[in-house]
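Here the chain labels run A, B, C, D and E in written order, and each chain numbers its own residues starting at 1.
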Amino acid sequence: MAANPTPYAAHIDIGGLSKRFQHRPVLNGLSLTLNDGDLCILVGDNGAGKTTLLRILAGLVRPSQGEVSVCGSSPIGNPRIRRMIGYVGHQPMVYQDLTARENLVHYARLYGLAKGEEVVADAIAAFNMAGYQHQPVRTLSRGMQQRLSLARATLHNPAILLFDEPHTGLDQEAAAFFDQSLRRLNQPGRIILLAAHRPQRLLTVATHVAWLREGAISDHLPVTALGSAPLLNSYLQEVS
Amino acid sequence: MNVLKKPILLVILDILTLVLVPAAVVLVVFFTPVEAVMGPVQKVFYFHVSAAWAGMLCFIIGAVTGGAYLLTRRLHWDWLSTSSIEVGLVFALIAILSGMIWARPIWNTWWVWDPRLTTTAIMTLVYLAYFILRSGLNTQETRARLGAVYAIVAVLTVPLTFFSIRLFRTIHPVVIATGGGDGPAFNMSPRMLTALFASLFVFTLMLIDLVWHRYRLAQLQYETSPEVN
Amino acid sequence: MTGVLAYLAAVWQVFRKDIQVEWRGRQGIPVMLVFALMIVFLFNFALQLSPDLQAGLAAGLLWVSLAFASTLGLNRSISLERENNALDGLLLAPVDRSAVFFGKALGNFCFTSLVGLLLLPIVSLFYQQNLLRLPLAAVLLLGVAAYTSLGTLLSALSIQARTRDILLPVLLFPLALPILIAAVEATRGLLSGQTLAELSSWVYLILAGALLFNAAGLLFFEIILEE
Amino acid sequence: MAANPTPYAAHIDIGGLSKRFQHRPVLNGLSLTLNDGDLCILVGDNGAGKTTLLRILAGLVRPSQGEVSVCGSSPIGNPRIRRMIGYVGHQPMVYQDLTARENLVHYARLYGLAKGEEVVADAIAAFNMAGYQHQPVRTLSRGMQQRLSLARATLHNPAILLFDEPHTGLDQEAAAFFDQSLRRLNQPGRIILLAAHRPQRLLTVATHVAWLREGAISDHLPVTALGSAPLLNSYLQEVS
Amino acid sequence: MTGVLAYLAAVWQVFRKDIQVEWRGRQGIPVMLVFALMIVFLFNFALQLSPDLQAGLAAGLLWVSLAFASTLGLNRSISLERENNALDGLLLAPVDRSAVFFGKALGNFCFTSLVGLLLLPIVSLFYQQNLLRLPLAAVLLLGVAAYTSLGTLLSALSIQARTRDILLPVLLFPLALPILIAAVEATRGLLSGQTLAELSSWVYLILAGALLFNAAGLLFFEIILEE
């Protein structure tokens, strides 16, 4: 997790993006631009399409319509772009029968990391996984798996970080550590997009908030400007 | 630790087995008559039958002790159950191999697709599957619990194998039958019978000895290696 | 009395849910049927069974293909319960776990026997034998009942293993072999003109299997499913 | 979710409970008594054994040692006790290919609910699932599945409610609604045990807090007495 | 040049991970082997293959049992990727998706051919034929290569269906039939004393299949795997 991960500026540009499942539109002409150094929180009701949007950005889902550009190219079918993306989804995306460490080493190798072993050791230490690094994932508790998933996604120090409810299952300590990491990760050369349902704790870290409503981004503004958006503000504060 | 100490009874059993097994070999080789038609190969007979008997007995013990585990939920029963099934598997393999050695000269082939042979092989596969099942389970308790259930269901193949010569037409001879099978059997002289019973007895002793050792191994494994699985 | 009724209601509800899932997807039965047909053809080709021999083979092929197809159905039936831990939901329900066994077994029985009955005219056609006879259908249903109840029992064992996706056939085939052989023999006998009475020993063997395996389910399902 | 679900008082009594996986003890001589009307929040680090404890109480896992009594009997192999338990786990425990409504109807029937259809309709309305009640579960978002799971577990109005991180994936509105339901559910004749990592929002609702640490309950006290337990208090407040 | 090396490294890493999982569980290969043996026994019994016929059958049974066993391995190989969405992790990795295909196919090839080679002495024993010959092993490896590369391709298709657990054999068997027939014919020919040269048309057929299916994997795997 060193400084400036890419030689050029990170950038995400989405224009007129639509995604339909069957005939039901989930995303409907969504546009969003994220600039270098942004840490944008994505909020929205259950079923708003946050996961769908993140998966499209990660290149895992093909949009039905519209333009998606991550650092200048479409993320679909483009290994060079994939190299720059780290994605944490609802599932940990690891092998049940391998241990936590083996999974990380596997990913390090797959990403061709030069100092794989070292990076893995660092990640294990950082996420406090040393105690169970040699247990098969199958036997890990939910929070342990979530830590592993976070470690996996940040291992290769990507320029674009996509987090889908990353705090899920983390205990207080791990959640606090993750918030700190966010602060550290949020630098020039990187974009972080983070979907969350209770983003209050993140408002001090984030630079922007985007509200996904009825298939499109209804509001996208700097955290400092939240005062000028009473609706979004009340949505964020609804319950605390 | 206490488990490391070998029980005195086991020591006696060890010695008995070590003495009696060679004695049985000597008995079979030197004191039984050479069978008229088949010649000296026929002497495989004593070990063939004894191994088959010992294997089946082991499988039955495995089922009974499996049931005991389910009732008591004490891992000892499970150790006993797997141990006897493992030993039983070895005996079953010996029965098959010795049968094949016997078959080669007298049926002029290693193997025929005869019901007795096939059911024996299938019984062996059933118990191979038992170990595959166990090795795929994650904790001691699941292994014990599901292993016991499987061992009880699987024991159905034992009577089936035993009676297969009665159910199907077969070239494998029936011996213990009262009505007699149609297969080519040979007449047993009293000395042959004595030797047969002697080797049955010795194999039974050996079975108990082996299962006991295997049981102790399971116990030691449990006590010493907290296998992370 | 109400106990018995509640028990039957639970069996019925588990069964009904399986039917509902099958109806929603309309996939399991077609896949099984196609697979069974495929095996019939595959063997004909790969083993180059000679035509004169085929008459006697009809019974064997019918049962072998049905056994394979049924394994698919059994696998699907239990993997349905595994996704999203739906099985835990069943285990939490205030019903006897043996009722879950009978419900699942009933579903498997229905699917496999449907496939079996559909196979009869098809195999008849390809092997110039008339398999469409009442006693034969009876043997088929009985054999399927024994096979699927054993299969249901073992599928609950196999999903707890790490190789859950592939373990079932290895556990099921050797144990089911006696039943299969008896079924093949009975079918062959019927085809060669014998009556059910003459084949009673085979039929009894199958019946004994069906009873034994269901009894095992009744006794052991609770034990198998606890974690 | 009517009043007083059981004729007699709800009660949970755990004594000397141990659970080992292989040789590794997860619970180690844990004792805990919950009385009628308790709403106890279970806190503890990742891997502390919260899920294991809840699953043992639900009768899904057999303890290695110790006594567990739920309303006077062991929950293992006892349909009568199971009838009184509602459990929400990490997985939704529903059938992917059935719709949300069909799943609920299935459970209603399995529990032999007299007015099944009505109860299901109420649950769907309550958890705001009307919009997607006819979608197969496979196509539901995480939060939608979690609502379904909550509806499923409370459908039969159980006397013992076991919730494992029930807020996971819920949006603000659903989480607020769930908190209200908790308030409504918390009555005489019922016990609620709820595992949570960020329990601050629940402290106004809960009656007790239990802290699972090193395989046993290190603290178990009324919320009102939290002041007298500085360690637990600081654990709860660590990050907010 | 570095591109090629990176590509090969990716193939190797996917393959290596499959080996690692297999090594951890030590389950897949034993299950496949026992299953193959079981089929050999099952068919003999259920189809009551007459002894005089059996010599010619060795080739057919070898391939049929290997095909079934291999399907189990293929299923396991892909369902490994499905649990916990591990496949998504592979798809996110900055490697060509065709490299994922070749990695998976290589793993499947190794497992199945290991089982096949172990089967040779066993089938030899049971069918009084000497199958332990070099040309026969070569045909075996070639046939397995063709079969498993097709299987890997289709397994990626099948997991996206609702009936993912059971769809693979239905897709695979009919498409693999030409390969299987060619392999059986070549094996039978070798057993009856012909040389590889005489059987070249069969061998070429298998070779063509292997090349075609691998080309298909190269071309289509990316398309198959995107959501």
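General observations
The working rule: a contact is a pair of C-beta atoms (placed from the backbone, for glycine too) under 8 Å apart; a residue touches a chain by one contact, two chains touch by 3 or more.
Model, not experiment: these values are computed from the prediction.
Annotation: B-E is the more contact-rich of the chain pairs B-D and B-E, by number of C-beta pairs in contact. At the far end from subunit A, in terms of centres built from Cα atoms, lies B. The centroid of the Cα atoms in subunit B and the matching centroid in subunit E are 36 Å apart. Between the Cα centres of subunit A and subunit D there is a gap of 29 Å. The distance from the centre of subunit A to the centre of subunit E, each centre being the mean of the chain's C-alpha atoms, comes to 38 Å. One simple way to say how far apart two chains are is to compare their mean CA positions; for subunit D and subunit E this gives 47 Å. Residue positions of subunit A touching 2 or more other chains: 96-97, 136, 138-139.
In subunit E, the residues that touch at least two other chains are 25, 27, 31, 34, 38, 41, 45, 162.
Shared contact sites, meaning residues of subunit B that touch two or more other chains, fall at 122, 125, 129, 132, 136, 138, 228-229.
Across the complex, subunit B is touched by residues 25-27, 30-31, 34, 37-38, 41, 44-45, 49, 51, 54, 125-126, 128 of subunit E.
On the side of subunit B, the complex with subunit D involves touching residues 139-141, 226-229. By the touch rule above, subunit E contacts subunit A in their complex via residues 6, 9-10, 13-14, 16-17, 20-21, 24-25, 80, 83-86, 88-97, 222, 226-227. Interface residues of subunit C facing subunit B in the complex, by the touch rule stated above, are 150, 153-154, 157-158, 160-164, 167, 170-171, 174-175, 177-178, 212-213, 216, 220, 223-224, 226-227. Residues of subunit A touching subunit E in their complex: 55, 58-62, 76-77, 79-80, 82-83, 85, 87, 89, 91-98, 102, 106-107, 109-112, 136-137, 152.
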